[in-house]
Amino acid sequence: MNILRPSIICTVAFTIAGLLTGCNKPSSVPGAGDDTIKVGEFASLTGSEATFGQSSHNGTQLAVDEINAAGGVLGKKIQLLTEDDQSQAGQSATVVRKLISSDGVVAILGEVASSRSLEAAPICQQNKIPMISPSSTNPRVTEVGDFIFRVCFIDPFQGTVMANFARKTLKLQNVAVLTDVKSDYSVGLAKFFKEGFTTTGGKIAAEQNYSGGDKDFNAQLTSIKAANPDGIFVPGYYTEVGLIALQAKQLGLTIPIFGGDGWESPSLVQIGGAALEGDYFSTHFSPQASTPAVQNFVKKYEAKFKDAPDAMAALGYDSALILADAIKKTGSTDGTKIRDALAAEKDFPGASGNITIDANRNASKPAVILEIKNGAFQYVQTVAP
Amino acid sequence: MNFRHAKTFLLGAIALGFLASLFADRINPYWLFIFYDIGISIVMAVSLNLINGYTGQFSLGHAGFMAVGAYSSAVITNQFGDLSFLAANGIFAVALLAGGLAAALAGLLVGIPSLRLRGDYLAIVTLGFGEIIRVILQNMDKVGGARGLSVMHGWTNLFWTFGLAAVTVYVVASLVNSTYGRGFIAVRDDEVAAEAMGINTTKYKVTAFVVGAFFAGIAGGLYAHSKQFITPGGFGFMQSIAFVVMVILGGMGNTIGVILAAILLTLLPEGLRMLSGIEHLPGLTAERPLGWIGDTRMIIYSLLLIVLMLTRPQGLFSLKKSSVQK
Amino acid sequence: MTEFFQQLINGLAFGSILALIAIGYTMVYGILRFINFAHGDVFMLGAFAGFYLAPKIATVFPLPSIAGAIAVLIVSMLICAALGVAIERLAYRPLRKRPKLTVLITAIGVSLFIEYAGQFFFGAAPKKFPDILPVLPITKIGGLSLNSNQLIVLAVTLILLVALRFIVMKTKIGTAMRAVSFNPEAAALMGVNTDVVISFTFALGSALAAAAGILWAVNYPSIDPLMGILPGLKAFVAAVLGGIGNLPGAALGGLIIGVTETLVSGYISSTYRDAIAFAVLILILLVRPSGLLGKKEIEKV
Amino acid sequence: MLEIKNLAVSYGAISALHGISLSVQAGNIVTLIGSNGAGKTTTLKTISGLLKPKSGEIFYDGKNIAGLPPHEIVARGLSHVPEGRMIFSNLTVLENLHMGAYLVRDKKIVRRELEFVFATFPRLKEREQQIAGTLSGGEQQMLAIGRALMSQPKFLMLDEPSLGLAPLLVKTIFEKIVEINRERSLTILLVEQNANRALEISHFGYVLETGKITLSGDSASLRQNPQVKSAYLGG
Amino acid sequence: MSALLQLEKTTIRFGGLTAVSELDLQIGKSELVGLIGPNGAGKTTAFNLITGVYQPTSGEINFDGQSTVGCKPYQITKRGIARTFQNIRLFPSLTVFDNVRAVFHLHLRGDVRHALWRGKGYHAEEKSVADRVLELLEIFQLGRFRDEPAKSLSYGDQRRLEIVRALAAQPKLLLLDEPAAGMNATEKVELTRLIRFIKDKFQISILLVEHDMKLVMEICERIAVLDYGVKIAEGKPDEVRANPKVIAAYLGD
């Protein structure tokens, strides 16, 4: 008799489905007739990457609150619908479909992790809903189609920036690379750094790997020490970098460690402490930068969340701001029109620097290199794209 | 119900799936893809039930087989560009089959230690195999490594998901409900006695693993062509455990219960999501009175799981009669 | 050679923490025959207990200090012991007579609950674990960098293992634990209150997990609500490797996993580090199907 | 000493005992005979608290002990040697005996009891440090009885002490039971398949059939009862 | 006449312990042989050697003219040796009917493909299996329990079902391991009748391990006595009963 059941279940399911399609039709005209403009956000609010997802979400929420406090866009308030994808593969496709087809959002913001952005991007593209990723740096994300944007720079740019910095400013010859193989971001950034570093005559002395979530890096660091490099490139997230720096110092490794924007977070120095002194990383903005956009953001974020913002928060904030700006400019909530407006954004003053959307829908903006000095981030130099 | 008509039901279910797929574009895509998830969960849970429920071998690596199927089929279909309706479905069928076979091969590999190991030891080894598969994929640059693999074609549809779910149920139920298949349950009930009664326990255990893995591979293919993007991290041991939960909540060795549990557990998080999205409640004017559910959705989910097990430990849908039906 | 010894010390320090967690798995398994999936999360709670307690304890014993560190350790152990007992009573005891798989699912539920609730209440971002131990300068012996934390981890683990062995082998409740693990019904007929013994086992296992959590946090001072998953999984592997239900086996398994992982990722490739523990496990189980020290259960036919 | 009134026990929906009543006088050996599945073991397990009764009362020394947990019942002086012996095969013989004295706090008493057990079963003394699992079946049975004696019981329940033992050993075990009963004036409730032997050494007997007491009387008369003879004595 | 089963100097050691030592034993066609001895004498071990659960350390076991050494239990069962267990080992969650049916896979012509395709041949075969199972159950008065799970049967019925299940393998030799354990006098009389009936109706050989001397003496044609793994006596029931070695080791006075 259990053969019979699936067919019954199918029948019932399809009946329900039929009903659902009926119910959902009215809202499928994006944002129309309402006094709000619905914007969807998908983020890893729980699960293994929740710390990044929550930061990014905080930034986004801050921007939306700010916009609404200033009277909203096109005379309407922005309603931010946030869905959690639990840092799980497969979930972002589901939630983005829900946001688009059940909630009828006009645009999508998200995700931090490139793999989850890549899952959602084809859906947004098919539905002609613009999607802005705050901080997915993998080049493939925006290659999905002309509705997919991002407000961060991409791995090849950042990789090259750090390679040049290591070669020219730090004058390094032999560098070890310690990659988080679980993270697409880390793997991508490592790849472009290695390319950049070797083409300028540097040598990769050792390559070691870890998995995000690891806490013990002694084995890798001991091997790195044995290879005797003059610097270590760690294209990872701050969640591990602090511990890596600590353990490196404990093993007697005194060479500089440097990495990318994944480092940027107040927790980095809290955990790594003195072990990080004299280390470098590239990122989007310097909190000391005097631009009003940056100052305004840092002040408001600290007031609201009682914590200093990290890069993910700044990018989340910018993704919402630039979307609102595009909607304002085009005067419409139509997906295609928003897309066109986004593609035309130039020198938009964001918390993560001035953003210009290039032909490939990536943010073209300068990278800032910071040094960790006396437990704070010190500005070193700006590298234009 | 007389099992004699099994084949009729199978064909009926497939035909129905086909009919439904013709109307797919009238279904809200969000729900449509949830149906795909349900179909995939059914294939996974029912095939795992053959290993865990009927044969009594405790496998914690089912998502690993799914990964093998997902990657194999995706690598095949990614070789092709846009195809006509018929060609696309033809290629898809071949790719799914290939994914299933690749996973079955992996199942054979895992099945071999099952000959020597029992209970928790077997469980941890299957878990280990699942993790090893994940780590290998993570380091295979050809399929994108940790960066994941984009699957070009979204060929999964209602016909394939529910047709294959029906086939899985048919195969597992047919296997078990035959004189030959009573051997599976005999192995579960008492391995020593089964061996003494002339049942080649080795063959049965390996068969269960191979058949179970085959369908997990097919489910992987369906998954890959529904999500269109796969990463090794999506097939970790927490995923395997999610399927084990379905089997146990449905009642070990109870196919109907397991199907219902697969549906329930796929819908539950979405249901909580919907609740939190309700904007107005009668009598309340607050904008999202249930918004807190959104923040605590997974806490509620895990609490529900505990409460369900405490109140219905024999499985949610276990029937009074023996869990093994005639 | 220096590098090798350095790696060996790294591996032993890492492995001894795994051993402490593995013992909790093995003790619960020995007595109830089920895998307490939430054990890794109790380990996490141990570290967080230390995190929230340290400022309070600092008002009595200034931190960092040895007395303060011991106080943090003991109080966290007590808190987690109570938590372990509570988990057993609420989630596992009602299912005592049910198939072990049912309890396993409940344990998974408890594990998810602790993880999600942890993310909700503690926040997902990693926190800096306070310095509770005075940091000694790094000693160098012939190129070897000996860091005081690693040595302390080794020493504390050793002390706890000896204490545990004494409790299990020499005390009355220890004998009762062994009796209950062999046959709860017969133990009850001897006048043993099995519920008390089971609670005690959970208390002991959870206290060790808490100690592991504190040692871990001292050594790797970044804690987050999901920090228990990976060490929990590896400790579980270690427990099975040593022969689940066998206390020295769990300790041995922890050390083996720690050392092999470190050596293989140091010398062969760190790429496959996560897979190594499992590969070692599968190889050993194929040769010894009941683990290294596990007794082969000859089934009476 | 022990008085059971209308005791009913069930396993889920299946009823195992439908209201039995029996009493055991101090100093007596009382035997409970009946076919397999009649409820003999269930009766003992319910008295010792391993099973919870559905209804009915168990009076021991005038107090109702029905439904108390096993450890409290042991504390009152009832000891149960379970079917299949259930010794702790992972512990040594000595540790097994010490487990028997789990509730005895006075070390002196433990030592005294230990001497008595060793005197009764000299074989156990020889094997003091041996892991109990390596003992032979007969020795294990001795250990099980010795272990039960360590708790200083006033009332001893024995479940099938002769099960699976060779005829030679069965004889020894029964002799020891009589010896213990006489020397320690211990009240004994005996469940036995070997009805012949059991009735030989006991003072009083009950016949249990599918959860009901069908016959009772002093052992001598039961042995003469034609019904008992044909059903249980193979006469 | 060549014996159906022949053990020649069969020995098995576990670590240092010799559980069965140089055992010689023969069972002829349609013969009913008893194997007795004190606990731990090696009777069940001998059973496990014959059925392939253990492999002999040295010595030979021949069944029906061929060695069984190195064969797995299921292969030996296929060749015609079926057994029951000291502590009943049914398939507890399967019904009475299915307990017996599971064994019938030995006599199936089709395999997995058959079960999956469910063609005409499959249904015909399943029908004939069902008929044969029911016939067997009826012979042993278990027909009315056919749809009950085996675990819900009474002790005596479970014992009987285990024997029926063994017979479903259509053995030439049936091994019964303490079938009377836990039975009262009436049930033992019943069992005696049942064993005789099986031997006559199915024309098979039976090897019986049993403690109940009355039962063993009554039905066995020949008895072998084991003590500490060594055969100390063999012969007709009366000879064995009178053997002083047997009295000393086992029977007592």
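By letter and in written order, the chains are A, B, C, D and E; residue numbering begins at 1 in each of them.
Rule of thumb we're sticking to: a residue touches a chain if its C-beta (ideal position, glycine included) is under 8 Å from a C-beta of that chain, and two chains touch if they have at least 3 such contacts.
What you are looking at is a predicted structure, and each value in this text was computed from that prediction instead of being measured.
Chemist: Return the chain whose centre of C-alpha atoms lies at maximal distance from the corresponding centre of chain C.
Modeler: E
Chemist: Among the chains, which has its CA centre at the largest distance from chain B's?
Modeler: Taking each chain's C-alpha mean as its centre, the farthest from chain B is D.
Chemist: Roughly how far is chain A from chain E, going centre to centre by Cα mean, in whole Å?
Modeler: Chain centroid spacing, chain A to chain E, equals 71 Å.
Chemist: Roughly how many whole angstrom separate the Cα centroids of chain A and chain C?
Modeler: Here the centre of chain C sits 35 Å away from the centre of chain A.
Chemist: Can you work out the whole-Å distance between the CA centroids of chain C and chain E?
Modeler: So the centroids are 48 Å from each other.
Chemist: For chain D, what residues touch not just one other chain but two or more?
Modeler: Nothing qualifies.
Chemist: Give the residues of chain E that touch two or more other chains, as numbers and ranges in rising order.
Modeler: 53, 85 - these are the residues of chain E that touch more than one other chain.
Chemist: Multi-chain contacts in chain A: which residues touch at least two other chains?
Modeler: Within chain A, residues 45-46, 181 contact more than one other chain.
Chemist: Residue numbers of chain D touching chain C in their complex, please.
Modeler: 48-50, 69-71, 74-75, 79-80, 82, 86-91, 95, 98-100, 102-103, 147-148, 151
Chemist: Which residues of chain B touch chain A in their complex?
Modeler: Contacts found on chain B: 1, 3, 5-6, 9-10, 12-13, 16-17, 20, 23, 26-35, 37-38, 42, 138-139, 145-148, 150, 154, 162, 165-166, 169-170, 173, 223, 226-231, 233-235, 255-256, 259, 263, 270, 273, 277, 294-295, 297-298, 325.
Chemist: In the complex formed with chain B, which residues of chain C make contact?
Modeler: 29, 35, 91, 94-95, 98-99, 101-102, 104-106, 108-110, 112-113, 116-117, 120, 233, 236-237, 240, 244, 271-272, 274-275, 277-279, 281-282, 285-286, 289-291, 299, 301
Chemist: Where on chain B does chain C make contact in their complex?
Modeler: Result: residues 58, 113, 116-118, 120-121, 123-125, 127-129, 131-132, 135-136, 139, 192, 237, 241, 244-245, 248-249, 252, 295-296, 298-299, 301-303, 305-306, 309-310, 313-314 of chain B touch chain C.
Chemist: In the complex formed with chain E, which residues of chain D make contact?
Modeler: Spelled out, the residues of chain D in touch with chain E are 14, 34-37, 136-138, 163-169, 171, 193, 195, 230-235.
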